[in-house]
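Each of the next two complexes has subunit A plus one more chain, namely subunit B in the first and subunit C in the second.
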Partner chain A sequence: MEFVDEIIETGGPILGSEHMETLRVCMQCGKCTGGCPSGRLTAIRTRKMILSALLNMRDEVLSSDELWLCTTCYTCYERCPRNVKVTDITRTIRNIAGREGYLAKSHRMAASYVIKTGHGVPINDAVKESRKKLGLSEIPPTTHAYKDALKGIQTLAKKTKFDELIDFDWETMNLKE
Partner chain B sequence: MDKKTGVYICHCGLGGSTETEEILKKLPKGSIVKDSQYLCDITEQELLIKDINEKDLEQVVVACFASDVHRSIFKKVGDEVGFLPNLIKIEESDDVVEKIIAALDDLKPIKPEETEVDVNPSVLVIGAGIVGEQASLDIGDAGYKVYLVERRPNIGGHMAQLDKTFPTLDCASCIGTPKMVATGQHPNIELLTCSEVIEVSGHAGEFKVKVLRHPRYVDENECTGCGICVDNCPAVVASEFNLGVGPRKAIYIPFAQAIPLAAIRDPEHCLSCRMCEYVCDKKAIRFDQEEEIIEFEVGSILVTTGFELFNCDLRPELGYDKYDRVINALELERLCAPTGPTAGEILIHGKPPKNIVFVQCVGSRDKNVGNEYCSRVCCMYATKQCNLVREKVPDAKFTICYTDIRAFGKGHEEFYNRMQDEGVIYLRGIVSEVYRGENGMMKVRVENTLMVEPVELEADLVVLSAGLVAPADTPQLANMLNLDVGDDKFLAEAHVNIRPMETRVKGIYMAGCAQGPKDISDSVAQTSGAAAKATIPISFGKVKIGPEDEVKVVKETTATAAPIEKEVTG
Partner chain C sequence: MKYAYFLGCITPNRYPGIEASTRKVFDAFGIECVEVPGASCCPAPGVFGSFDLKTWLAIGGRNIAIAEEQNCDIMLTCNGCYGTLQEANHLLQENPHLVEMINEILAEEGHQYKGEIQVKHCVEILHNEVGLDTIKEHITKPLDGIKVAVHYGCHFLKPSEVRGQGSSERPRMVDELVNVTGAESVDYKDKIVCCGAGGGVRTRELEKSLLFTLDKVNNANAVGADCLLDICAFCHLQMDVGQTELTGKFGKELDNIPVLFYTQLLGLAMGFTPDELGINMHQIPMSDKILKI
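== the complex of A and B ==
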C-alpha cells in the first residue's frame, strides 16, 4: 500500500475518511509552515512533511525528528486554503510512527506520566495556585483526587499494550533503559 | 407504463451500457433498447426516426450525459414524428437501469409546440461597467435601442477606479473615459443610473421590464456638473468611489470624469441646510424628487453586473481590519491614480512606502472562505502595481508572495518578465500572518517554499491582492431572471465550453465578470460576442419559443434602499 493510502486508512476510522482524504489536495502554498509557531524555533517544516507524505517517502517521514516537533496548536489546520486537515494528519502519521517504534523520547516520557499519574502533565504548585485563583478546587476531580481510578488507567494501559508501545517498565515505574 | 417505448443510451459521457437486456425486460411488449455511439449525429437520428415509424414507438427516452446541451438537437425528430424524445441526464455515478426505469414512471410527452414571435428591436443591459458599456455601444451601433441600467450614480464600474491597466500600462482613464463618454452620448443608448431592475416577465423577443429609479435629488438634464453646490455643502463623509481613502460631501460628483456628469445628494448624510439649492444658478436641485418606476419592453437581455472585491476581513490573520499599513489592492489603485484622493501621491503615515509586500490569492483559491477558483487578474495587477508605485517612489522595494504566478494572457508573461528584470522579487509562498513589530512596521510571516524556510519580512506597506467575488445580490438577481448560480457563486452559463455567453433562459445573455473573474481584454472580447448574440434574434426579426422559455415572475428583487452607491464598491 502507498504511504498516502496508509495514512488515510489509519486515520479514517477515528477522524473520518473524508477528513483524511484532504491530504491529497495540498497545493504546496506554504501557508502552514509560514505561520507555524513551532517552526519559528525548531526544524519542523509542515508543508515539506505533507509533501513527503504525498510523495510516499514513508521511511523519511516516520523516522524524522520534526514529526514530533508539532505542538498540535491547529494554526495550520485553521488557515489552510485547501482545507487540508494538517494537524490531524500529523497526529495520524505519529500513530503509525509510534507503532513502528519511532516514538520520540519526549512523547514516551509524557506517556509514562499518564501511566504513573493519570496525567500527561501532572499537577504542580503553580497550577494549583491558578486553579485557586479561578475559584476551582485546588485538586481537579481526576486521578489526582480519586487515586483508585489510577488503577483503571493502568489496567487499560496493559490491556491495550500501551505500556509496551512506550517501553514502560512496571518494576521501576519508568521507561526502560 | 404501457406505451411502446424506445430507450436509447448514448455513449457520450457514459461509454454506453451493458445492461440493455435488463432494461428491456422491464418495458412493455414491442419496446426496444439500444446502445448508440453518437446520438447527436444526423445519421443516428435518422435511424431513430426510422425506428419510431417502423416499430410504432409511442415514447422515446434518450439517456446521455449532456442532456442540457442536446435538447435542441432532437428538433428534427420532433418535426418528423410529432413528439420530442425525453432526455435524461445520466452521470457516471448513476445506476443506469434504475435511473431510466424511474424516469419512465412519470414521463410527460413533449410536443414540439414552438411558436414564432416578433422580436422587439431593443436590449436591456444590466450593469454599466466597461462590459455593459461596450455591449451597449455595439448594440447601439447596430442600430438598436439599448436601455442601460446602472445602480450607481455613474457608469464605468471598477475600471473607472483603476490607475493604469496591465499588460500595456495604458492609463485607465485615457482608455476608459472615451468609452464612458461615447456611452453617455450615443443616440440609441438610454442611460438609467441610480436604477435597478425589479421585475422581468415574458420571453425571448418580448421581455417586459420594470426598473426602479432612485432619486438623485438633482435634475440630470439641468445640472452642468459645475460643482458649486459641492463646494458649498457643509456635510463631509468618506468617499465610496475612493474606498473611504478620501472625503466627499453630502452632495457630490463621484469623480471628475463621471458620466452622467451630474451631482447627487445623499439624504442620509445631508443636513437639510439647502445651501446647495441656494447656490445652484441652474436651479437643478430637486428636493422633492421621488422614486420612479419605469416600464418598457425589450427583445433580449444582457447581464453585465461584474464583481465585488473580496472582503479581506474574512482572513483576520492578515490584519486588514487592524492596521492602516495593510490595504487592499483597489485602495492602492486609488492612491496611485492622479484622479484619486491624494492626486497620485502615495503616502503611508505621511511617508512614501519603501518596503512593500504583496499578499497574493487573498480570498481566491481558498476553500476556507468558500472561493475555490482563481481570480485570474491579481497576479498581473500586483505585478502592475509594483510599476505604478515605482514611478512615484523610485527607491521602493517590492516583494510579491505568491502561490503560482498566473500570467497566461496575451503579453502577460512578457510583463512578468519585465517586472522581474526591474527588480521585483517574487517569493513563492502564501503569507500566513501579518502583525505589527515593535518599531511599528508590519511583519509578514511566510514560507519561502523554494528554500523550505519560514521567513519574516518587514514592510511599511502590505497590499492584499484581494480576489474577485460575485456581487452579494447575485442569487436574488438570478432568481428574478430565472437564471442559475454556479458553485463559484457567479452566474452560470448554459455551457462553459460552447455556450459561455448564454444562460439557461432563451434571450438572456451575460458577459464579463458577472460570469466569472476575468481581465479587461477577456471581458471586452466576451461582451462583444454577447452583444452579437443578443442582436441575432433582433436582426432576424422573429424568434421561436416554447412554453419552457417563459420567464416566471419572481417578486423578490435586488433593489436596495437608497443611497445607491453604498454597497457596490467592495
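== the complex of A and C ==
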C-alpha cells in the first residue's frame, strides 16, 4: 500500500476519511513551515514532512526525530489555504510510527503511568500536603481515589491493545526490558 | 447552575491552587461543582492522540460518560483536557459508528457514552454565562496598575472549526476577563504562540520545549508585564516550572516572572487571600506588587 493511502486509512476511522483525504491536495506553498512556532526553534519542517509523505517516503518520515517536534499547536491547520488538516495528519503519522516501534522511552513511560495510576501525571506526597492546606480532599476524586475505576482504565488499555503498543508488563506493572 | 468539574492530572496533582481558586470563585457566583468520580487523565490530545487515536477516544469517551452520569455539563481548567474532551465529544456526537465502537469498550466497566452533555472551559463559563457585568459586581479589590501578559494556549482556541471560540489569531475573551478585574491586559510579541509543552515535546525534548517558554518570558518582560496569565494547567506548569528548569538545568539567563491561572487573578480581585488561592505554592514567587493587592 502507498504510504499516503496508509495514512488516510489509519486516521480515517476516527478522524473521518474526508478530513484525512485533505493530505492529497497540499500544493507545497510552505505556509505551514512559515508559521510553525517549533520550526523557528527546532529542525521540524512541516512542508517537507508533508511532501515526504506524499512521495511515499515511509521509512524516512516514520523514523525522523522531527516528527516528534510538533507541539500540536494547530497554527498550520488554521492557516493552510487548502484546508489540509496538517496537525491531525501529523498525529496519525505518529500513530503509524508508534506501531512500527518508534515510540520514545520517555513517551512509553508517560503512557505507562496512565495504565498504572490512571494519570499521566500522578499525585505525590508534597501535593497531598498542599491539597490539605487548601482545604481540598487529600486525594482527588479520580482514579487515585477509586480503585475500581483504575481497573476500568486497565481493562480498556487491554481491549485497545494499548498495553502491547507501549510494551507494558502486567507482572512488574512497568515497561518491559 | 451546576457543572461536573473534570480535574485531569496537572490541576489536582501539581497545581491544587488552580483547583481551589476555581472552586472558590465558582462558589461565589453560585455555581455548584460536582465531582466526576473515577475520572482519569483526559488523555492529553497531542500525546495520547499521537500514540493511539482509538485509545485516546475511548478514554476520553469514558470520562465524558462518567460526567453524563452526574447529569450536567463538564467544566475544566486545562486546555489539554478541553482539547481532548471537547474534540472527543464532537467526534462522537457526529459519528454513531464511533459511539458504538467505544461503548463496546466501556461496557465491561458499566459505562455508556450517550452524547447528551457539553464540554466547557472555565473561562468560557465565566465570560459567557456568568458574564462580565456580574463579575464586575463581585470585584472588591480592583487590580489597578497590574499589567498582565495573557497566554491563551493552543487547544482552547484551535482547531477553531471544532472549538467555536472565534478568532484563533486575535482572541479577546481572556483579555476582557482580565480587564474587568481592574488589571490591564498588555500586548506583547508572539502573544498567541504556544508555550512549548504540548504534543509530547516537553516529555521527549525538554530543552527544546523550553525554548518556546524562554521566548514567552522574555517577550512578557519586554513590555513590563507583572505576570504571565494562563488558562491551562499544562501551560501553567511549563511556564512556572519551566523558568526554574531554564535557569537551573539549562543555565539560561532570564528575569523570573510570576505565573497566575485566571481564577487565581480573579480570586485576588474578589478579595480571597493569596494563601487561599494557592498562589504561594508556585515555583516562581509572586512579586510584592501582586501580593500587596
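One rule holds for everything that comes next: the second predicted complex is superposed on the first by the 151 of 177 C-alpha atoms of A that agree within 3 Å, B and C clash if a C-alpha of one lies under 4 Å from a C-alpha of the other, contacts with A are read in each partner's own complex, and residues count from 1 in each chain.
By our rule, a residue touches a chain if its C-beta (ideal position, glycine included) is under 8 Å from a C-beta of that chain, and two chains touch if they have at least 3 such contacts.
The structure presented is a predicted model; accordingly, all values stated were derived computationally and were not measured.
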item	value
Dominant toucher of subunit A (residue count), subunit B or subunit C	C
Which of subunit B and subunit C A:R47 touches, first, second, both or neither	first
First (subunit B), second (subunit C), both or neither touched by A:A104	second
Contacts of A:L55 with subunit B and subunit C, given as first, second, both or neither	neither
Partner chain in contact with A:L136 - subunit B first, subunit C second, else both or neither	second
Partner chain(s) touched by A:M173 [first = subunit B, second = subunit C, both, neither]	neither
First, second, both or neither for A:M1, with subunit B first and subunit C second	neither
Residues of subunit A touching subunit B in the complex	27-36, 39-40, 45, 47-48, 79-83
In the complex with subunit A, residue positions of subunit C that touch it	7, 9-10, 12-14, 16-17, 19-20, 23, 35-41, 43-55, 57-59, 62, 91, 95, 98, 105-106, 108-109, 111, 154-155, 158-160, 168-169, 190, 193-194, 196-201, 203-205, 208-209, 211-212, 215, 275-276, 278, 281
Complex interface listing, subunit A residues touching subunit C	11, 13-16, 37-38, 41-42, 68-75, 77-78, 87, 90-92, 94-95, 98, 103-104, 106-107, 110-111, 114, 118-124, 127, 130-131, 133-136, 140-146, 148-153, 155-157, 159-160, 162, 165-166
Touch list for subunit B against partner subunit A, complex	317, 361, 365-368, 403, 428-433, 445-449, 452-454
